[in-house]
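First the structure, which I've put down as structure tokens, then a few questions once you've had a look.
Each chain carries a letter (A, B, C and D) given by its place in the written order, and its residues are counted from 1.
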Amino acid sequence: MENLIALLVGVPLLGAAVLLCGGRRLDRTGHWLGTLLAAVSFFIGLALFADMLGKSADDRAMHQRLFTWIPVEGFQADIAFQLDQLSMTFVLLISGVGTLIHVYSIGYMEHDERRRRFFGYLNLFVAAMLLLVLADNYLLLYFGWEGVGLASYLLIGFWQHKPSAATAAKKAFLVNRVGDMGLSIAIMIMFTTFGTFAFGPVLASTGEASQGTLTAIGLMLLLAACGKSAQVPLQSWLGDAMEGPTPVSALIHAATMVTAGVYLIVRSADIFNAAPDAQLVVTVVGAVTLLFGAIVGCAKDDIKKALAGSTMSQIGYMILAAGLGPIGYVFAIMHLVTHGFFKAGLFLGAGSVMHGMNDEVDMRKYGGLRKYMPVTFVTFGLGYLAIIGFPGLSGFFSKDKIIEAAFAKGGTEGWILGSVTLLGAAITAYYMTRVMLMTFFGEKRWQNDENGEPPHPHESPRSMTIPMILLAVGSVAAGAYFEFAGFVEWLEPVTGYAHGHPPISAAAVTAATVAVMVIGVGLAYLQYGRRPVPVVAPRGSLLTRAARRDLLQDDFNHAVFVTGGTHVTRSLVYVDHTLVDGVVNGTAAAVGGLSGRLRKLQNGYARTYAVSMFGGTAVLIAATLLMRAV
Amino acid sequence: MSFPLLTLTAAVPAAGAILTAAVPAARRTAAKWLALLVSLATLVLAAVVFVRFEPGGERYQLTESHSWIKDFGVRYELGVDGIGVALIALTALLIPFIILAGWHDADPLETSSKRWRPTQGFFALILMVEAMVILSFEATDVFLFYVLFEAMLIPMYFLIGGFGDRAHSGSDENAAAQRSYAAVKFLLYNLVGGLIMLAAVIGLYVVAGNFSLTEIAEARANGSLEMATNTERLLFLGFFFAFAVKAPLWPLHTWLPNAMGEATAPVAVLITAVVDKVGTFAMLRFCLGLFPEASKWATPAIIVLALISIVYGALLAVGQRDIKRLVAYASISHFGFIILGIFAMTTQGQSGATLYMVNHGISTAALMLVAGFLISRRGSRLIADYGGVQKVAPVLAGTFLIGGLATLSLPGLAPFVSEFLVLVGTYSRYPVAGIIATTGIVLAALYVLVLYQRTMTGPVKEEVRTLPDLRARELAVVVPLIAVLIFLGVFPKPLTDVVNPAVQHTMSDVQQKDPQPTVPNVEAAQ
Amino acid sequence: MNPVNYLYLAALLFTIGAAGVLIRRNAIVVFMCVELMLNACNLAFVTFSRMHGNLDGQIIAFFTMVVAAAEVVVGLAIIVSVFRARHSASVDDASLMKL
Amino acid sequence: MSATAVHSLWTTAAVEPLNKIPAPHIEYTQLSPVLIVIGAAIISVLVEAFVPRKGRYVAQVFLSVLALAAAFAAVVALAAGGYGTTKAQIAAMGAIAVDGPALFLQGTILLASIVAIFTFAERRLDPADHGHKVDSFAAEAAAVPGSEQERAAVKAGFTTTEVFPLALFAIAGMLVFPAANDLLTLFVALEVFSLPLYLLCAVARRKRLMSQEAAVKYFLLGAFSSAFLLFGIALLYGYAGSVSYATIARVVDGAVVSVDPALADTMGNDVLLLIGFAMVLTGLLFKVGAVPFHMWTPDVYQGAPTPVTGFMAAATKVAAFGALLRLLYVVLPGLTWDWRPVMWGVAIVTMLGGAIVAITQTDIKRLLAYSSIAHAGFLLAGVIAATPSGISSVLFYLGAYSFVTIGAFAVVTLVRDAGGEATHLSKWAGLGRRSPLVAAVFAVFLLAFAGIPLTSGFSGKFAVFKAAADGGAGALVVVGVLSSAIAAFFYIRVIVLMFFSEPKADGPTVAVPSALTTLTITAGVVVTLVLGLAPQPFLDLANQASVFVR
């Protein structure tokens, strides 16, 4: 059974290879092939899942070792896989949602002449992402880690002819590279500390390493996580990443890739458990990001950017939970999965809306769409309810648990984190309601497209609606299912679990959650439900304007890194030319000048030559005598 | 004295060079094919060497030794260790592609006279360089190595100065002037380095009495050859200077951008991917092998210079407007990594450095040759003159991207393996240096992606609208290189098996042990 | 008297000759100064020969004269041909080649 | 008073009764090379006198080549007969030493001269004048340039076949110079080869004014220097009471001390010794062309007929260095600690001076002149080593260098335009495009000059520097390395000019030479490459020849 693990990665990888090298002759069938292969790996995943359920909770982990990747004295990097409950969860999420989005893309990319390549990239992504979660050592994980980075780069920049897309892609890759730096440094520290970087030995022997080392490793891993999961301070790329086709935003920048950071932290649980300082930083980053994302989400008029902000915020929840240690890990993952469902659903919904509105993204130019695209409306609505944590829906369960855990952290920290999460919940409710209202309710604010055509919204084709429906089902049921099917017990052997005891009763927390949710919805209704929404965005408060610009984060980056960097490189180019090169050329010139001057001595007059001879002789004599004298 | 395989590997291209040069002016194409066949034959021989070499065996294998100039204590001594084998393989592998890529680079212009035979000369010179480079990887006699180290400058010089890139901005005279400036700069830099090395070589003779690498190393090991600390340091510096110019190491690097900018793309590849490797190779074999103490003494300074090269080269690459100069500065950054790995004096570092030499050779070849194809189409080296190429020539753009990704050492492609080894090896001895070096990977991403974005993406520029995509010949150049990159990225074992023992020898030369993990490793496997 | 004085004289003559070479422009005069230097040498030879009491020095003096004579032949030939070509015997005029 | 002192027969005669004059016995076999050449010279004078104009050229060329070949054969025979090593001895009553260095250098000089004579005899390069084939020498050297007389001479197809006897005399002198074993012979030999050279410089066919000017400068300065030499000899004679090397050496070592109070302030007076030594050195360094006695070199090299320049540059250097070696190693070994520092200085300024000034030259012949100065510096570095390996390295270097030089100048004779040889560098632009072969050959010579490995230049340079370093002159090696780096620059410049710059429209043409010059150039290339690739046999030869007889 273990030997199937490699296939999980191999099948989609094969698909990518075939589709990318296949050439035009695959244009017809390419997308089907891609979808098929994604599905295949999903079913393999299911098979393994079934097999895993068959075993007792403690020996569910499977391993498969292919070959030694980098054999160097004292440095063994294997291509080897490890499939335990944690990986399993991800495998199912990735391949499952992945397959759905493949299906969705068939319709969505129908009119794009480079659809084959798009599917090739999607397969590549699935393969890389699976490699990331299946690796049994940090270096192989790094392989997958950068692999998804590449896929995301290619997909964000899929419409390369749009400069904005190309820039966004580049930005995403670069910011991620900063994170990757963290990961590679973490691996180096591990290697020098433990002499290996395989999960097993490293995590087993954390006890023997010094506090400082572990903290260092933890922080470096966090840096990596921030890069991939768009956490403050490396979150800036996610918003721009929405330049990519919507299925990409749904799969990579909502459901799966951006959650890799959470995976990394949970996977390294032992390290963090032994490094409280690192954990604290993790929670802080999570808390900050969840507010940051939420605030940004409130201000955006671009529907995808609003959702992107929400994604940031939700991942903030997960990171925060992961930072809480054993009381949080499980719920981090749980929220991750449910979020995977509803956020993917929301994005697909948004995509379908844009599809109907000739790719208009500005929500202020929507309005009253619910009658024109009922399916989209319903599925989107369910996703909406799920994310704001409407009781009974998936988001309710997962988020509620995180809030509890946050309080359970104990002490002032607990209170602070808890209230932050609550506040986050309120804002979430607010901005999601805002999206909902601006898009589907109120009167039409449609604008004609550039060639004067008025949009005529229509329901999307089957290939698009079916995935939406399935995801909607997921977003409704997943939470409850996990709650009652025992998600905690499922993951516990891997991540460990400690029941947290919040200072106030769980019931109270739940009540509070619902309350703030209602408040958020209410506020949004007052602002966007009652009065008409202006087509042109009002200037808005200082905060709003800042939030529209991602709270000036980009401006900061631009001012410091882009402009500053340009100056540095410019001046270095100058230095290289004038100084480094100048010194050499200067010497050459000096010798040349000397030559020119000496040359003048050769003035053609025999008597001058005689003088030099005479002088020379005199010097010779003097020198010889002098030698004897001294 | 067994069959002189090593001599043959160098003799074949040398003979081929002479034959190619002798082809009459009219039969240009014949000369090209001849050169290609010869280079392929050399590749076969190199493969034989690779196979015949037993990783577990003697340090130097397939040795040959004949008296040459006994007055100077010079012998014609050949022998390869794993590092040499790897680099010979690299050279023999790249040359056919270089020839193929430069197929039309030296076709004579209508104006030139009938007796002027540039094409024959071009390919003959390339083969001559190959012969000398291969022989210098085989030489175990310091003098023999020095002779080749210097002699190979001459054909390189004619390649750079005689066959410039036809795509240039400004008038022809201007271009010719710049070209000969670049060629002269190349020659003088390396000649000065070489001459300083000559002084050291002579000094070595005075001290040691002969030039045999093995004998001297042995004598040093068993203490029969004492070297005064200062003498050793001076000699080391003499050697290292020459190699640092060739490598090139900051601040001796400025000849490289000019040379690579003005030369045709294949020649640029020849410079950076093949010839410059002789410098780093020599650091590993001669600096560390002959002067271990001095090497250790100089390590801190060299590490610093290497770090500067890494960051500085990358930053300048970002600041370039000329595609080929950008690649040149990128190479400077990479050579920084190689030197860093060599002088980190850890197994991982040095294995990494050796792999890095090979991988950098292949990746740069891929990137530079594709860039060359692009440039030859549009007739300009300026990044600003391109845009949206991926729309009109997707395959070209794709291969270019892969080359770029290799350059920024993406996992799955060969350079990642070596770069990571170098980083780990460095970190385990010099953590700070390791961390500073890691910034290089971010900068690498920056210059590669900026280059790709500016040239390949965005709206299609008017001038590039008509560019054709890669032709069969060009695909034949690029595809195999990419294949090798991927293969070595996923399965570098064949290479590491050969390299590891050699690195162990070098480590014992400098009497260095790897730093042990602070936490004793609990059973490696679970 | 002490033969050493002849040496001083020889040295003096030699210096005068050298100075002449350095100062005078006319090729003929310059050449004559060289001859003067040669003769200074002869004087030195003869003196030393006397002091050492062997005849080597005197013999050498004869050789020197012969050589000097030969030099005159060659030298005058060259100088005269130059003079005929340029109508000037100044060494400074003959400076086509410089730098 | 020493028995082996030169011409002691005269001095003894003064005191001995007349009836027992021992006949001086001359070892004719050992001296045969010199005698052959001198004989040939005299015959060729007679040829000038009696053979009708028509036949002279052929007769002269035939005669000189034959004589030189015969002389070379004689040298080889002597060397084979062991006269270079075991049977090395001092011949002609102590006047001439026949030993390894002498034979080696004589052999080198003779070979160089043969190829040089070929270039003398070249008559294909210049376009035929009034239907007469002409060489690079004036129709009638005596005629005033541009005069009616000259035109008549040209019409009549006169040629200056006197160059052959002159050359032969010069060669004879050069053969004696490095073998001279007493200061008088040294002086006479010097004059014997100098005077013909002065004349040879004056007889160029083109640019006659420059040629004559070169002759004047060379003559005046040469005479000036030989005056210094002679005075130095006088002082040394005064110091040692003899001019024979052996005696002087012994006095220097203090083996002989005079008892005669009359000599108290001369005999063994070190001031005399040192000043005398310095002045003799002046004379030799002048011929070698070392800074600051070099200033004649560029002008003379430029003005003289190019074949003569090549001949001078090669043969004169060999002879002069031979004499220098013998003087320093045989006469003044006891003085090493006095002359070494001085020579250090000279060597350094020569290497650097030659290299630096050469950078800005614009005339190919002047360029080569300065390069020859720089090379003199390198050779001096080897001389200073003061070890047998130093001697052998210098011998080897001289052999290698002379062929490169003659070859290079021979190539210069090929590149011509309306005004004769086109020696201005700008004219050489793009030569590589127009005639790749010639350019390539010249490039080989330039690379050899620059000391690039696999050429004789490198082997020689390495040998010399190695010897210097062995002899403890490491600093000299460093300076030498630096100056060769500088020197490399201008050799490279010429190569750039020939290959990388576009040919000029009014550029010079490359004349197709006859077999003679072709032979010369080929010889140059072959020697350059052979000595670069497999120098060992020749190094062995030089080693065997590196012992002076005392």
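One rule holds in what follows: a residue touches a chain if its C-beta (ideal position, glycine included) is under 8 Å from a C-beta of that chain, and two chains touch if they have at least 3 such contacts.
The structure presented is a predicted model; accordingly, all values stated were derived computationally and were not measured.
Trainee: Of the chains shown, whose Cα mean is nearest the mean of all protein Cα atoms?
Mentor: Nearest to the common C-alpha centre lies chain B.
Trainee: Where the centres are mean C-alpha positions, what is the separation of subunit B from subunit C, in Å?
Mentor: 65
Trainee: Express in whole angstrom the distance between the two chain centres, defined as the mean CA positions of subunit A and subunit D.
Mentor: Once rounded, the distance between the two centres reads 81 Å.
Trainee: So how far apart, in whole Å, are subunit B and subunit D when each is placed at the average of its C-alpha atoms?
Mentor: Computed value for the inter-centroid distance: 46 Å.
Trainee: Report the inter-chain centroid distance for subunit A and subunit C in whole angstrom, where each centroid is the mean of the CA atoms.
Mentor: Going by mean C-alpha positions, subunit A sits 97 Å from subunit C.
Trainee: Subunit B: which residues touch two or more other chains?
Mentor: In subunit B, 188 touch at least two other chains.
Trainee: Going through subunit C residue by residue, note those that touch at least 2 other chains and give them in order.
Mentor: Residues 18, 21, 30, 91, 94-98.
Trainee: Would you mind listing the residues of subunit A that make contact with two or more other chains?
Mentor: Residue numbers touching two or more other chains: 588, 599, 602, 604, 606, 610.
Trainee: Show me, using the given definition of touch, all chain pairs that touch one another.
Mentor: Applying the touch criterion to every chain pair yields A-B, A-C, A-D, B-D, C-D.
Trainee: State the interface residues of subunit A toward subunit C in the complex, per the touch definition above.
Mentor: The touching residues are 599-600, 602-607, 610-611, 614.
Trainee: Where on subunit D is subunit A touching in the complex?
Mentor: 216-217, 220-221, 224-225, 228, 270-271, 274-275, 277-279, 281-282, 285-286, 291-293, 295-296, 298-299, 337-339, 341-342, 345-346, 353, 356-361, 486, 489
Trainee: For the complex, give me every residue of subunit A touching subunit B.
Mentor: Touch residues, subunit A against subunit B: 20, 63, 67-76, 79, 139, 142-143, 145-147, 150, 153, 157, 160-163, 165-167, 169-170, 173-174, 177-178, 180-181, 184-185, 187-189, 191-196, 198, 200-201, 204-205, 208-210, 213, 565, 568-570, 572-573, 576, 580-581, 584, 588.
Trainee: Which positions of subunit C touch subunit D when the two form their complex?
Mentor: Those residues of subunit C that touch subunit D are 4, 7, 10, 14, 17-18, 21, 27, 30-31, 34, 37-38, 40-41, 44-45, 47-49, 51-57, 59-60, 63-64, 67, 70-71, 74-75, 77-79, 81-82, 84-86, 91, 94-98.
Trainee: In their shared complex, at which residues does subunit C touch subunit A?
Mentor: 18, 21-23, 25, 30, 91-92, 94-99
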